[in-house]
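Chain IDs A, B, C and D follow the sequence of writing; residue 1 opens each chain.
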Amino acid sequence: MHIAFIGLGNMGAPMARNLLKAGHALTVFDLNAQAVADLRDAGAASAASARAAAAEADFVITMLPAAAHVRSAYLGSDGVLAGVRAGVPLVDSSTIDPATIRELAKTAAAQGNPMADAPVSGGTGGAQAGTLTFMVGAEAALFEQIKPVLAGMGRNVVHCGGTGTGQVAKICNNLILGISMVGVAEAMALGEKLGIDPKVLAGIVNTSTGRCWASDTCNPFPGVIETAPAGRGYSGGFGAALMLKDLGLAADAARSVGQPLFLGAQAQQVYQSMTQLGEGALDFSGVIRQYRGKQA
Amino acid sequence: MHIAFIGLGNMGAPMARNLLKAGHALTVFDLNAQAVADLRDAGAASAASARAAAAEADFVITMLPAAAHVRSAYLGSDGVLAGVRAGVPLVDSSTIDPATIRELAKTAAAQGNPMADAPVSGGTGGAQAGTLTFMVGAEAALFEQIKPVLAGMGRNVVHCGGTGTGQVAKICNNLILGISMVGVAEAMALGEKLGIDPKVLAGIVNTSTGRCWASDTCNPFPGVIETAPAGRGYSGGFGAALMLKDLGLAADAARSVGQPLFLGAQAQQVYQSMTQLGEGALDFSGVIRQYRGKQA
Amino acid sequence: MHIAFIGLGNMGAPMARNLLKAGHALTVFDLNAQAVADLRDAGAASAASARAAAAEADFVITMLPAAAHVRSAYLGSDGVLAGVRAGVPLVDSSTIDPATIRELAKTAAAQGNPMADAPVSGGTGGAQAGTLTFMVGAEAALFEQIKPVLAGMGRNVVHCGGTGTGQVAKICNNLILGISMVGVAEAMALGEKLGIDPKVLAGIVNTSTGRCWASDTCNPFPGVIETAPAGRGYSGGFGAALMLKDLGLAADAARSVGQPLFLGAQAQQVYQSMTQLGEGALDFSGVIRQYRGKQA
Amino acid sequence: MHIAFIGLGNMGAPMARNLLKAGHALTVFDLNAQAVADLRDAGAASAASARAAAAEADFVITMLPAAAHVRSAYLGSDGVLAGVRAGVPLVDSSTIDPATIRELAKTAAAQGNPMADAPVSGGTGGAQAGTLTFMVGAEAALFEQIKPVLAGMGRNVVHCGGTGTGQVAKICNNLILGISMVGVAEAMALGEKLGIDPKVLAGIVNTSTGRCWASDTCNPFPGVIETAPAGRGYSGGFGAALMLKDLGLAADAARSVGQPLFLGAQAQQVYQSMTQLGEGALDFSGVIRQYRGKQA
């Protein structure tokens, strides 16, 4: 398959490489010339614009930082929709708001291109290893069509429902994750101060009703889970600034449907406080440092 | 073993019955005459006061609603400490603040009685079935001594550390639980409004980083988990008023050590709002009704 | 002066009428034909687009619901910037985010038009009576130039600093207002339940350190301040939905500069909960109904 | 009048001195021998216990740190109630929860002593200058009886209603104050970052709907109000730790009546975070340092 791949950042570049390894022909585009050169070295062709890349392709994938970039990559005068042939499927793997993707999909459908959202989880590690999870919002037929391509970049390709539901699934999952991590941080810091051994506390929580990924896999207290970022100074996990972005998407989505988010909004402020202190690049489990006081 | 059992409420009564079944001799005390009569029918002796019950016993267990009752049951002029023989171990299974139990244990130790805290999880169902989990705060030797007795009332008897750590474990676990349930409620309600099928959303969350007991076992959205209280009108689980009590204990404990609880405090207000609307007797997962609007 | 006035909603229409009364010549534009017809009856000319209205004018004023409308009214192919003569001052009185107005002002300056933001307080009552307060963000010379025109629609025309600071002033004032109203609501509802006469409580607060506009002028407890919306079923004041919009602007602005807003974010959720219950059209002081329970 | 004065801390000592100046005979008691010696030097008699002090008096005043001290000063075996003559009025000026004072008043009434609560505002400065405000909870006749004595220590003696309402008034006022100060801090810090001159912003707020004591008298931004603690490194005002105590009383009172306090609970966490960072002795307006980032 001839695939146009647009957006070669920390996530996009390794995803594109995995598509090459899977045997696809790639035409790539990115504003960053070095990123393009690297992919060319790996065997991809390059194009001067998203439009030009899309013009040659049977399949288009975009992986961009935020809604404004996605909008411009599709709707701009040099964008995908200006160049792509009718019938070619479009897949946006960026993490953005569901409303934007639904609008774009409508516009794309009007010119004959089916469009899916397929945000990922698994981070840069998963992108490199090809073990990402894709959460796909697409009509059933489109899902079947794009699944094999996505399978070249990830381990799980999950159908979430119609267009936009991939984003909904990702936002809602990360809303729970962002909240539960702060909850675990509050509890572990409190337990420490009240004199229980943090490992013992985590052991009890993890076999009881408090168990959750944030406690049993990524526990924020140093030394509790050996493989967790807490054991290496909160480096190399899911950055607090990214969690903050996702909670911002949740807040915006909740506002759009008129629903309060009492804890989501509060968790957002706690991560904002963390990033304001210059710790936005740390793994989000470093939020426990807001609670442990000076020793942390 | 001759055991004094004080406090025959919804939890204490079935626990006492299980001790009888395990072959112990029981002397019980409660202010509620009917509760006492029921236990007498089941084979227990009764006494006119906590003091009198304790006087005859080799082992004392208390199961009471709140710290004030525990304090009075041990320190009152008709209380346990006034009657018990030196050396007899004391176990309080009430859920109270760690500071109170630590004070009581000090007083008890001064007159020669070792004391442990052993709050439980598992609810009235677990109390009846004898499948409770005991979280025990006690010196190692005391823990070994009391473990066989507690094993007659529960399936797991976990040693959490020194005196008070049983309470700490329970409070911290329930802090995470109370927060993660609100987080799941916010996310499920948001997902519904954004157009994803709630079962599909839960399926994704439960195999991803948002997974937690509040989502995969007690999901608050009706119909997602068949056995959850959400499927039966939020009846018969862990009452919101009890969660509110436990979050109050967490708030008090955090205050005592000078730690903020941004999400814990906020979750407390959400459950308070739920109880103010007259829904405190519902399972705490009913908190999703604060988010789903009028249809819920 | 020949003024183009764009946006004839609940605020814009009476403002435009006051400009007519002040002796200015007006050319108006709005998508709502009836609103245009009404102004024509009052003596204004009308135009087929913002562009056409601006083309004839020595001065342009816009009064629109949100940033998207403002952006389109200025930047669209039929927008103000496509038609206006160089040198004509532009004044946007909408309440929007400071970033948008600053971008627009840059674009306008590039084609020779100085631009100011001048959001208002005072509501539809103030718009009709000509007693609005204008918070103006503009370079000093521009401020002096536009002040006499704004004075025809309001009582106070305050210079807040460079472009965008009018919006900043409005957002920050309403952030305090939105928070203090919830604070007063919590305190008045609590005082009532604890058995103090609400009038006595308000009297003490209003002469003490708790005094604020939300208590001494717009107290949310019915009967405390005779002229307040609380005395007439929370009708006819500053709608909760508008407060919610302004807190949303504050949240977005805080996010853009990386600052947490612990109370602002929380107040937003409380008003969101109020609007979710269908009470968004009530005065924002009706938020006390979230606290008083069923009797309110 | 012969007055027993119990509690000679930072507030009690200067209050007692003012009573001496007003011509009353005083018998004082405190656990701190130096504090007692100082008052004796100023002309007071001293007693060996609260009981002994009360035994000689026609009037009893207590000024203590928290409910536990008040309870013990009245109910202890060496406490006021064990010594005082029937009919002697009792006035507690401590800031405690309304429930405790109402219980004590009941007990006191049962042995013939009318009791009032009369917490103060005005701080140590007001205590020294004799300019405190007394918020009095007492039956009307008792209020008339005690008012002249309190007038010797303060400028305003306000009748709030029956027993306990003095505490209610103080708690509710300080709840608003604690919230509005955080609100002003959030808004001033946000305005600064968005580029408005803080003095200009405060000027607009103080003449608009955001006006409040926290902004126009004690503005947390340095340099805005010359006399405010912000201008002297947040020294010498109302300590954050004291505000935290009062918000704790509000939280407890709200819990006792089953009312949520969404903003009160959140403000409490923000001050808790401030005190955790070792800034509890600063004026509570120093809370703005949680928002201004590293420059503050």
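Just so we're on the same page, a contact is a pair of C-beta atoms (placed from the backbone, for glycine too) under 8 Å apart; a residue touches a chain by one contact, two chains touch by 3 or more.
In this text the structure is predicted, and so the values were computed from the model without any measurement.
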{"item": "Listed chain pair A-B, A-D or B-D that repeats interface B-C [over half of contact pairs the same by residue number]", "value": "A-D"}
{"item": "C-D or A-C - the one linked by more C-beta pairs in contact", "value": "C-D"}
{"item": "For chain C paired with chain D, centre-to-centre distance based on mean C-alpha positions, whole Å", "value": "39"}
{"item": "Distance between chain centroids, defined by C-alpha means - chain A, chain D (Å)", "value": "51"}
{"item": "Centre-of-Cα separation between chain C and chain A, whole angstrom", "value": "37"}
{"item": "Contacts with 2+ other chains: residues of chain C", "value": "254, 259-262, 266, 269-270, 273, 276, 290, 293"}
{"item": "Sites on chain B touched by chain C in the complex", "value": "262, 266, 273, 276-278, 290, 293-294"}
{"item": "Chain A contact footprint on chain C (complex, rising order)", "value": "248, 251, 254-255, 258-262, 265-266, 268-270, 272-273, 275-276"}
{"item": "Residue numbers on chain D that touch chain C, as the complex places them", "value": "98, 121, 133, 135, 158, 160-162, 164-165, 168-169, 171-177, 179-180, 182-184, 186-191, 193-197, 200-201, 204-205, 208-215, 217-218, 250, 253-254, 257, 259-264, 266-267, 269-270, 290-291, 293"}
